[in-house]
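By letter and in written order, the chains are A, B, C and D; residue numbering begins at 1 in each of them.
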Amino acid sequence: MDYLSQYRKIRGLTLSLCAPLQKEDFVVQPAQNISPPKWHLAHTTWFFETFILKANMPTYQEFNTAYNFLFNSYYESVGDHAQQAGRGHFSRPTVEEIIAYREHVDRFMDLFLAEPIEEDLAETLILGLHHEQQHQELLLTDLKYILGNNPLFPPYFTAGKEPEKHHLPDDKPILMPEGIYEIGHTGEGFCFDNEMKKHKVYLQEYAIDSQLISNRDFLEFIESGGYQEFRFWHSEAWEWLKENKVNSPLYWHKINNEWQEYTLWGLHPLALQQPVCHVSYYEAAAFAAWAGMRLPTEEEWEAAADKFNWGRRWEWTGSAYLPYPGFQKREGATGEYNGKFMINQMVLRGASDATAKGHSRKTYRNFFHPAARWQYSGIRLAQTINL
Amino acid sequence: MDYLSQYRKIRGLTLSLCAPLQKEDFVVQPAQNISPPKWHLAHTTWFFETFILKANMPTYQEFNTAYNFLFNSYYESVGDHAQQAGRGHFSRPTVEEIIAYREHVDRFMDLFLAEPIEEDLAETLILGLHHEQQHQELLLTDLKYILGNNPLFPPYFTAGKEPEKHHLPDDKPILMPEGIYEIGHTGEGFCFDNEMKKHKVYLQEYAIDSQLISNRDFLEFIESGGYQEFRFWHSEAWEWLKENKVNSPLYWHKINNEWQEYTLWGLHPLALQQPVCHVSYYEAAAFAAWAGMRLPTEEEWEAAADKFNWGRRWEWTGSAYLPYPGFQKREGATGEYNGKFMINQMVLRGASDATAKGHSRKTYRNFFHPAARWQYSGIRLAQTINL
Amino acid sequence: MDYLSQYRKIRGLTLSLCAPLQKEDFVVQPAQNISPPKWHLAHTTWFFETFILKANMPTYQEFNTAYNFLFNSYYESVGDHAQQAGRGHFSRPTVEEIIAYREHVDRFMDLFLAEPIEEDLAETLILGLHHEQQHQELLLTDLKYILGNNPLFPPYFTAGKEPEKHHLPDDKPILMPEGIYEIGHTGEGFCFDNEMKKHKVYLQEYAIDSQLISNRDFLEFIESGGYQEFRFWHSEAWEWLKENKVNSPLYWHKINNEWQEYTLWGLHPLALQQPVCHVSYYEAAAFAAWAGMRLPTEEEWEAAADKFNWGRRWEWTGSAYLPYPGFQKREGATGEYNGKFMINQMVLRGASDATAKGHSRKTYRNFFHPAARWQYSGIRLAQTINL
Amino acid sequence: MDYLSQYRKIRGLTLSLCAPLQKEDFVVQPAQNISPPKWHLAHTTWFFETFILKANMPTYQEFNTAYNFLFNSYYESVGDHAQQAGRGHFSRPTVEEIIAYREHVDRFMDLFLAEPIEEDLAETLILGLHHEQQHQELLLTDLKYILGNNPLFPPYFTAGKEPEKHHLPDDKPILMPEGIYEIGHTGEGFCFDNEMKKHKVYLQEYAIDSQLISNRDFLEFIESGGYQEFRFWHSEAWEWLKENKVNSPLYWHKINNEWQEYTLWGLHPLALQQPVCHVSYYEAAAFAAWAGMRLPTEEEWEAAADKFNWGRRWEWTGSAYLPYPGFQKREGATGEYNGKFMINQMVLRGASDATAKGHSRKTYRNFFHPAARWQYSGIRLAQTINL
């Protein structure tokens, strides 16, 4: 597919994700790490405006000079930006104005992409498209948070249902022999800078589950007192859990002594066979300790990824988010994309029900702070053998 | 005017204040003490639903049981309520749903008020109407904050202009002789419980300005270094000022070396002859110290109120908000209306450009924390003579 | 007594209060408003060094120039000062060094006071002596906090016992007729600036208790659920109480189902007949509401003070700490003594078991934030009659 | 050396480190992560009392039952414990009482160790000795913080001087070939559980400096604007730096335009040839980015450790603190020693000027939060070759 068609398709998908929303839903920010949907619509547009049009198209007419301040997420090199915590403070520009902003930028992008573009610029364009796809996932998880923390529990989908669990015929753990494995992306086809360079690692013999942990499994952990027993938890996890009074995954509610879960289809009884979702790293690690196992490292996950089904949950790994050997930031402002976050975050691998189609690969490194729960994060277990 | 006509008129005015708003403006809460406009629309409705209809009309059908939690402001005796700080987290109910809620309650109120009502209930009804008028003022000041803190500075009014300053022909200070004065409301006609009981006070001889302090006066304070000189300030005011980097009234912006002010008509050059507005008690007291004078007490203000024009600014007094001799709370939940706030707040007297017509009298006691600036608060000076 | 004798006597008393302390007790600051005893020893010395010796005695040799930064409490006009919250961070100067500092300053004061001094300076000297007496009380209440919040509950006194309650023969409330009263200090003999000017007030008829509320009375409030019932409390008191899990006066401990109280004599069973102590304004006001009465205003207290015994507890009044009519700050740095605190504090009248002898009078205005409990604060009730 | 001799020697060393202190120095806690020296003296004693004597010696007489609460650091399984932030709030027990506590426990340990002990118990004893040695280092770094943050800058040592820098004759980077290396402790001789199990890793070809970064090097970073340029910093490091106004290593002071450094010998001009000290991970990583290099991983460090001198600075690595393959916690309360901290901390390798003699080995894994600066933390650089 040519660049223009790709651009149009991905940009169109973003808007279509907003179709079920009321105007009020576009505006709010019920927690600091949540962005209002209208902010996502504008920020992804700002990316193309700033890094493609303003930088490369002399005839481009800026839509509104105040938007750079409002919709720059955090690129320190591109000027001042509004504080993340205040995104929900701004009622203006309205949704309508932001859609006009999108149309304005899309119109110029149409003109711009009518001509062939240089390789360097193509890289930035493709980065912008992947960036927009990342925000499609964030848009979904943010609006789930917006609706799911509302006392009225409004559904997002009014038809259809949650995807089925998909099984391998045989759900036994996969044994992986000790030895040297190659990890990371070759750089052919698109990848983020954090997936490179491809390099060798030595793994001890290990077993990794072919299945994700289910709601049923996790309920067993809860009911056996897992949230009350210190020995399963990291020290700072224990503080987190007491301070935030956490005793179940996000979106679980015990109502009249029955567990309910809010999903995009509304509030309904907990589906026991579904893979557990919306757990923090702290909870994933505590669950693993309770089960006498551990989380796989990201290298173990990637080495075995062709042998099990994945894609419904981002899977917490036991690896901190750090640069690979030979890691290089991109030049310029887009070099801020990944490297500056490589501290105090844990890696998640896989993809989720909320991930845009085509936006996943086994070398993809997602990352969040260990307390984050609003992504579709789940658990797969592993253990070291014979060491 | 009969109760029903009064009810309809006041309720209608609330909605008409919202006419210039975009839907997005109804939702946000850019600071903790600001409530989203849609919250005001619902909360004032909740008052009539809870204290009139649910308590007295057996045929009333509750609109939505979740609304009690959402729109109870703080009446501890009427059940759990959402935290004030989270009002801007809720996109639902939508503006449309809240207007439907208003219409539902208004329909039942129409029926209810078709019959004569008992005196006790009439008192609660009238309290509800005054409560709605108080929220009309808050609605205006909150939406001023919402629009005025937006980097785009959208105007609320697109026509008309700020009221003129109104003068007494002679603007000399008013001399008030030493002696006994009667303060407080007799209780004939409506008043809040905090305005009673009428009682005698002894005032020393004093002078009180017939004019409010103007923007020109306050600019002189700024330009002579008033914000930098500790001796004019209370100790905690100094902390507040340094922590919040305050160096002018709220809504003043120095742009290209020229002072601009945001008003409901948008951002424009500071109007020097207008009475200064949006100052905290801290600033009012510091200004007075700089001018070698002081703020009047609330008793001094009330004793002299017939001798000067007032009504454009709520005027900070030097009095703390405390009960009058013989103060009695109302019985029941509406007894929470005033008494529980009588600590760490200062009294303001008068009324403002944002006050509903008919909702002012010289015994009215408004009150805010000394740091509050988002109301139309201004300054009038006084001094003790011959003591 | 001549100035020098007074100086020596008061300075000596400060040290003698420290006799029962271990060196370690001089250093710690277990809460922000508590100062380490060694800080009190140094700060009171700094006052004489700064305002008497450095300002007036050319031959004075400064002990250590770093001490101005360390022991200036908050006089913004006398240069930078260490943050109050960090007083307990400094192990040096040691207690021994601080005693050497006292001796150094005392030696020069001896020389200085050998000659007659001018009236202006005498005023500052006397202010310094009263300042030292105020710190004698703070020293006692601070070290009570230091010892009383230690899990080992070490006593301060190892002999003697708490003073007896002293009664009027007849403990009926005192009736005070409506009318004009004179309040405030004439300025003859020493007083603080906040006690002036003497002025007339008009009081409604009222009754004031001749007795303080006892531990027995307060226990009744606790046992009838007073801490659990919202209607007795101010709104911000309710937040304070829930956040700090307050359910009894400071230093009360329910151990094995029996109420114990820590006093300077150690931990022992609650003495029911003693006047209740270490309650906040919030608790005093809630107790009064529960009892169907109120706290007296400071004017009511002063007008009746000759008719009841007082002096064992500082008594919370219902008055905010504000300037009297005609209030004037002193000139210069000592003008910071009182006026800058006249916001968000409540007045206490009387004196306490911890007050230095001779350091009380009926016009004395003490003041604290409504949540403060570490002073010997108690409760006397009043009510308005026939209004 | 037999256990008893080892015990006596190590315990004696702890006390001798305190010889230069004043009593006041034992008490204070100027920052949350600093413990008062007397707390260290008591806590290390508590370890032997709790895990050796109370658990294994029936005739042991507990010194004071309140001490378990006071001196348990954080072992959740051994009962309640005082909050870390409040250690500096307690003046009692006094230093003298704590020394009596040490003597009491030592006396019983003498008796206990007179008999042979079982292997399990010997393990706990040795753990206790290593624990005490760890606290010897913390004692030194904590008292450096106590003295070094005092405006009087008192020296700890009044004689002697800082160790010289020790050089390899040739200071060129060490080249390490690609391949499989063995990492971790075999478990023969003492090690902490976090150093096991020994396992293979695959390292890409890399170079590692034979020298630590010097104060001169770091000054160049400062003077070229390193603290002002965002691109060298992690995103959260940038927030940290702005919030804490960091612009040099801890204990550096620019006085009259000359850089001074506080060391245990007092404040003196910065020694340019000394290895830089008291930098956070954030600063170490930013320095490396500025230099176009990176920090070594802990595996790279360990693989090359025999080829360079180390021991003067704990050296930040680019590795997060995570379990090795096959990691097992110890059974019982001492299992809380390491595992529960394996989140959001970075590994440091080496040892420092403050480390007890004999308490270092190349497999030792120290760990701190990335903002920690009060340890003797330094910088060694590395880079990947040919990838």
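In the analysis below, contacts are C-beta pairs under 8 Å (C-beta built on N, C-alpha and C of every residue); 3 or more make two chains touch, one makes a residue touch a chain.
Keep in mind the model is a prediction, meaning the values are calculated, not measured.
Q: Touching chain A and chain D alike: which chains?
A: Joint contacts: the list comes back empty.
Q: Out of A-B, B-C or C-D, find the interface that copies A-D, where copy means more than half of the contact pairs are identical.
A: Over half of the A-D contact pairs recur in B-C.
Q: Same or different: do the copies chain A and chain B touch each other through matching residue numbers, with over half of them shared?
A: Interface between chain A and chain B is built from largely the same residues.
Q: How many angstrom lie between the CA centroids of chain B and chain C, rounded to a whole number?
A: The mean C-alpha positions of chain B and chain C differ by 36 Å.
Q: Approximately how many whole Å separate the CA-defined centres of chain B and chain D?
A: 57
Q: Go ahead and note the Å separation of the Cα centroids belonging to chain A and chain B.
A: 45
Q: Give the residues of chain C touching no fewer than two other chains, as numbers and ranges.
A: none
Q: Can you list the residues on chain A that touch chain D in the complex?
A: Touching chain D: residues 74, 76-77, 178, 180, 197, 199-202, 204, 206, 230-231, 233-238, 281-282, 285, 294, 318-320, 322-323, 325-326, 335-336, 340-344, 370, 384, 387 of chain A.
Q: Flag every residue of chain A that touches chain B in the complex, lowest number first.
A: Going by the criterion above, the answer is residues 22-31, 38, 66, 69-70, 82, 86, 88-95, 146-147, 149-152, 154.
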